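Chain lettering (A, B, C and D) follows the sequence in which the chains are written, and residue indices restart at 1 in each chain.
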C-alpha cells in the first residue's frame, strides 16, 4: 500500500518513474460495454504533454498510450484495463549530479527520510510525469461519465497576480491560448508576466478552476466519502497543489449564514432550482444536480535556474542553480490533470450510487 | 459502503443520527498495549459539547462516552474498540414541521435526491452531531500519536472578518476564550461581531488553523495517499468546511518559485533545517519533520431564524424562519473536530510507514 | 485493521468480547428502503443461542438484539445500521484460574504470541460468542437477498462418523431435531453418539452443508473475488472450521474431466440447464443460476473435561480438566453462522454486480 | 472493482487475457530495500510454464518477465513494481469456432451471464494463463518472506486415485519427476494412470499440499482475517480448485475433541512445543510458529477431446470435441501457483502484524 491505488469501485493502480522504462495504470472495475480506443485516451494525454508552447519545457515526450488488456472488439469487457506509456527521450545523466543534493521545493529530502534512499533520476516516482498515468485513467473515467452527459472542464484561473475576469471569461475559449485561460485578455497579461519571470530564471504559481455540468444527483456518501471531501483529496494529491476549495470556498469564512445559504425556488417548470450556488454543487457532500465548481492553488515550479541555498549529503551548505528543461509554470499542463482527478472521483461515486437503493437493485435484477 | 468508514489500518466505522438512540464508532486496528480509559476520550468530547458559552446552542448534550470493548485492564488489546454515546435531550417534535421543507444550506434536498427519503429529525445522519463519534475516535488516535510525542493543536483563526494577528497570537492561550482564538484581542472583537449578528438572527463563518508539532518523518505515501491529500479529505469531510489549504495554501498561487521554495541549511548541530515552511510540513506528500500547518474555511451555521426563501414538497415557494437552539457560529466547536480528523489521518499514515522498509520488518521480527 | 471488518460494499465492522459489556456490529452500505425490524434479526440469533437442547451448553444467553441506528420508520435509510447485543450471565471468575494456562485447541497461546497478552475471560475476542454479531449482520444481508427471492439453507450433514443419507434427507425437516440434521434417522444415531461422548467428557466434530437457491446469475468477480473464493474465506473464518469445499469439492480430485464437467442442454422451454452440478453453482467463480452447494468441516469443541496435557506460563507441564458449561458439539449452533457468512458474501457480490455493466448504469440513471 | 486486486498492504493488481498483448501485475506496497531482479521472478514462472513434460500442453509460452518500475540499482524503492509478460505464440483462430459454444466446465456461459458478452479467445481473462501474473507477484512476496527465513514448498499429493504415501515421501525430491510428487513410486503410478487417460482423450484431477516452515508467530487477524481464512480464499481463487483444508481438514469432522486438540509441552530447551499439528499451524487464525499445512482439491482440465454434450448460442444441443493443446492434468503446473498465493497471503499478514503492537511502533520510530 504505497499510495498509488485510488478508488473503491473504479479502482486504479498507477506505476512508473520519470526515467524508468515507462509508466502506466491498471483500471480494475470499469463497467463492461463502454466503447474505448487509444485515441480517446491520447487526446487527453496530448493536453498534458510538454513541448507545445513557449511556456512549457521544450522537452519532447511522445506519451503514446497503448491499451494492453480489457478491451475486446473496441468495447471494455469488464476486466482490468492496462494502459502503458513507454518513456522516451530521458536524459538520466542530467540528474546524477543532483543525487547528493536536496533541491528546495522537491521531495528529495522527504523521500530519503521515508525510504532511506531514492531513485534520484528526474525525481523518480515523485516526478510530475507520474500524472500522465492519471490522465490516461481519467480519460476512461470521463468516457463513462460522458455516457450520462457529464461534462468536465477545467482551465487556468490565475497565473501569479494575473486573474481571469468573470466579465471577460468564456469557457469555450479556454484552449485558445497557451495558458488555457478562458479570458483572452488575462492570458495576454499572464504571458507577459511569465516572459519576464523566465528572463529572471524564476517560475510562477497559479490557480485552476474546474466545472462539472450535468452531474447526476445523489453522488457522494455521508460523513467521510462526501463528494467534496473525495474531490479535495484527489486534487490535493496532485504534486504541486497547496489548497482546494469548493463553491464559495475560503470566501465562505467571511460570509453570514443568510448570505451563504442558497435559497431554493420552484422554476417555471415547477422544478426546484437554487438562486445561487455557494455550495458549489454539493450539499452535505451529496450532489444536487447543480454545477460542481472547485478551485486548486498550484505552487510555482520548484526547479529554477535562479540561485538557491541548500545542502548536500556531504554535510555542506551550498548554492544551487538547476539547469535543464523545466516548465516556468505548471498550471496549464495541470489543467487536464485536475479534470482527470475530478472524473476519477466522480465515476467512483457514480458506481457507488448504483448500490444505495433497494429500488435500483430491483430495476437491474 | 455508505461512507462512514475511514482509514486503512486504524479503521473507524461511525454510526448514529442526531435524534436516534445514540451514536458511536468502532475502531478496528488500534495497536495493542495503549493505556486507555474513558476520561481520555471524554476530555476531547467536552470541547465539542454545546451549551458552554453564549456562542453555542444552549442545547444540553451530556455526551458521555462509554467504552464497550477492546480494552482489558486499562490497556487496548488490539481488537476492536467500540465507543458509544447515548443521545439525551432530543426534541424530535421540533423537526416534524420541517419534514416537508428543504432548509437552505442543509442537505435535506440532496439526501432526498440520493435515497428517495430521509430521517428528517435534526438532519439525521447529516447532523453536525455526527462529529461526536469522530472526536471520540480521534481522541484514541491522538493518544497513540502522543506516545511518540506528537502534539496536535487547532484554534479559531478568524470569525467572519475578524482575524487573529500573528503578532498577538499565543497558541497556549487558545482555550482562554469562548471562541478558542489564540489572540485575546481578536477574540474580543469577534465576540462583539457575533453578538451583533445574533441580534439579527444571523450566523457567521470563520477559519480554523491546525498545527502538528513533532510529527515523525516519512509519513504519507507517494501519489494518491500524500499526507496533505489525506488531510484535505479528512478536513473537507467535516460538514461545513468549504476549503482546505496546507502551508502557504492559496497564497502559493501568487508566489514565484524562488519565493516559495523552502531553502535548506545545516544548523549548528549539523542537522538539516529549513529557513521557511511554505510547504507546511510535507513535501511530495511526505512529512519532513517540520511543523504541519493547515487551515480550513468553515461556512456559517445554515440554521438561522432570519427569514429565508425556500420550497416545500407540496410544490410551494415559502418563507422560512428556523426557530430552535442553534449555534451562531460552528467554528469553535469544530476546532476539536479538526484536531480529531488530523489525528485520525496521521495515525493511519504512521501505521503504514511501519511497513515501508525491509529494515523496519527486520527490527520487529 | 484488526480483521473485524468484512465486505466492500455491504461492509460490516464487528466488535465485542465474550465477557465484556456486549458485542455488536455496524453495517455500512445496506441499501436504503429495506423494511427491517429487530424481530427479523432476533429469529436468526435465536437459532445460534445456547441452552436450548441437551447438546448445547446449558449456559443461558439472552442475546437480545437492539437496532441503534440506520432505520427510520421501519425502513433502512442507507446510513450505518448499528446493532448491539448486551452480554448477560457472564461468569468471568470461571476463567481467572485459566489465565496462566494454555488450553489445547484454543487460541490462548497464539493470541499471547501476537499481542503479548490477552483478554483471558472466556477467550475474549476469540470466543465463539463473537459469531452472534455475524449472525445479526447476516440476518440483514439475508433480508436484502430475500427481496430477490434468494433462499439460503444450511444444516448439519454429519456428526463424527454419522452422516446424513441423501435418500432420507428432506431439507424442510432440518430444524425438526436438536442437531439440525435433515435426515431424522441420522439425527437419532448422532444423538446417541453424542450422548456417549458426553459421558466420556469428550466432544465431536462434524460437517455443515449449505444450499443457496434462486441466486441471481453473474455474481462473483474474475480472479481473486470469485464467489467460491470469497465464500471459502467467509466460512473458513468461523473459528472451528478446518476445511471448505464447493460442489464436488475434494471428490473432484479423483474424477476425470469427462466425469466432472457439467454438460449443458436446452430444456423444454429452450432454457439452458445443466445435467449435473459438480460445479456447485459457480463457474470461473461466477454464479450461473444453479444451486450453490458448499460444505464446511468443523472441529470438535476444544473445551473438554477429559484430561489433557498442556503447559502453564510458569514453565510447567500440567494436566488440565476444563470444567464449565461447554457444547459437546459446535456444529448445530454453527449452522446459522454458515448461513450468515454465506449471505454476507453474496450480498456484497450482488451489490458489486450492480456496477459491472454500462447498461445497468443507464437503467438506473 | 472487477476482482483482480488482492491484498491490503502488499496489494497486487493483475491484468491480461490469454490471447491479448500480454499480462502483468502491479505490486503496490512492497517494502523498500529488497534486492530484486528478473531472475528471481523468472525461476518461479518457469515452473508454471507449459511444454516441459509429456503431461503438459506442448504449447510453448516464453513467459519472460520484465520489471518495468519500482526497482532502482537492484533494490526495491518502495514504489509500485510493475511486471509484464508479453504473450507469444497465441493462436486466436483456434477459438473463433468456439465463440458461440458453451464449453462444459469452463466459464463461457457464466461470463456471458455476467457481462452480456465475453472475450472468447482462449477463455480471455478466465484462462489459467492469468495465473502467470500471480506467480510473478508471488515470487516477490516469497523474496520478502525469505528474508525472515520463511520457506514455502508445495507439491502434488495425488493425481486421480493415486496418492503419495507418507512413508515414501521426501519433500526434497518433489521436483524430481514431471508431476512434482515427493513420492517417486507414486509418481510412476500416476504417470501410468495419466498416460492411459490421455489415450482416452480424458483428463484428471488431483490434490496439492503446501507446507510453510519457519513462519513468524502472530500472523493472522482475529475474526475475518484469520490466516487460514485468507489462505482459503487465496487458494480457492485459483480457477480449478474446488476445496481447501488446513491441518486435519475434513478429517477433523470425524475426530473427537480429545483426538483433535494439539497438546502442549515444554521441550528440553523449555520452549513450548506441540505433540501434534492438527491445527495446521494456526489457532484462532493466528500462526503459532509451527508448520502451516494446507491442501487443495483441483478438478480435471475441462478442455478434453472426448465427446461431450453441450449447447450453442443458436439454441441447439450439440456434441463437442475440443481439439487443441491442453494439459491432461492441471495439478503439477498449479503447484507453484499455490505457493504464490500462499506467499502473497502471508506477506500481507506479516506487514499487518508490524502495526499491531505499540511496542513495535516504538521500536521503529
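By definition in this document, a contact is a pair of C-beta atoms (placed from the backbone, for glycine too) under 8 Å apart; a residue touches a chain by one contact, two chains touch by 3 or more.
From a predicted model like this one, the values you see are computed outputs, not experimental measurements.
Trainee: From subunit B, which chain is the farthest off, judged by mean CA positions?
Mentor: Looking at centroid distances, D is the chain farthest away.
Trainee: Count the touching C-beta pairs: is A-C or B-C ahead?
Mentor: Looking at contacts between chains, B-C has the larger number.
Trainee: Where the CA atoms of subunit A average out and where those of subunit B average out, how many Å apart are those spots?
Mentor: 26
Trainee: What is the distance, in whole Å, between the centres of subunit B and subunit C, each centre taken as the mean of its C-alpha atoms?
Mentor: Roughly 39 Å, centre to centre.
Trainee: Hey, how far is the Cα centre of subunit A from the one of subunit C, in Å?
Mentor: 45
Trainee: Where in subunit D do residues touch two or more of the other chains?
Mentor: 1-5, 8-9, 14, 29, 32-33, 78-79, 114-116, 125, 222, 352, 355-357, 359
Trainee: If you look only at subunit C, which of its residues touch subunit A in the complex?
Mentor: 8-9, 29, 31-34, 76, 78-79, 144, 147-148, 216, 222, 350-352, 354-365
Trainee: If you look only at subunit D, which of its residues touch subunit A in the complex?
Mentor: Interface residues on subunit D, with respect to subunit A: 1-5, 8-11, 13-17, 20-24, 26, 28-30, 32-33, 66, 68-70, 72, 75, 77-82, 84, 114-119, 121, 124-125.
Trainee: Taking the complex as given, what residues does subunit A use to touch subunit B?
Mentor: It is residues 1-6, 8, 14, 102, 104-107, 109-111, 113-116, 125-126, 130, 158, 160-161, 197, 202-207, 217-218, 220-226, 228-237, 239, 242-266, 270, 272, 275, 278-280, 282-289, 297-304, 306, 308-311, 315-317, 352-353, 355-357, 359 of subunit A that touch subunit B.
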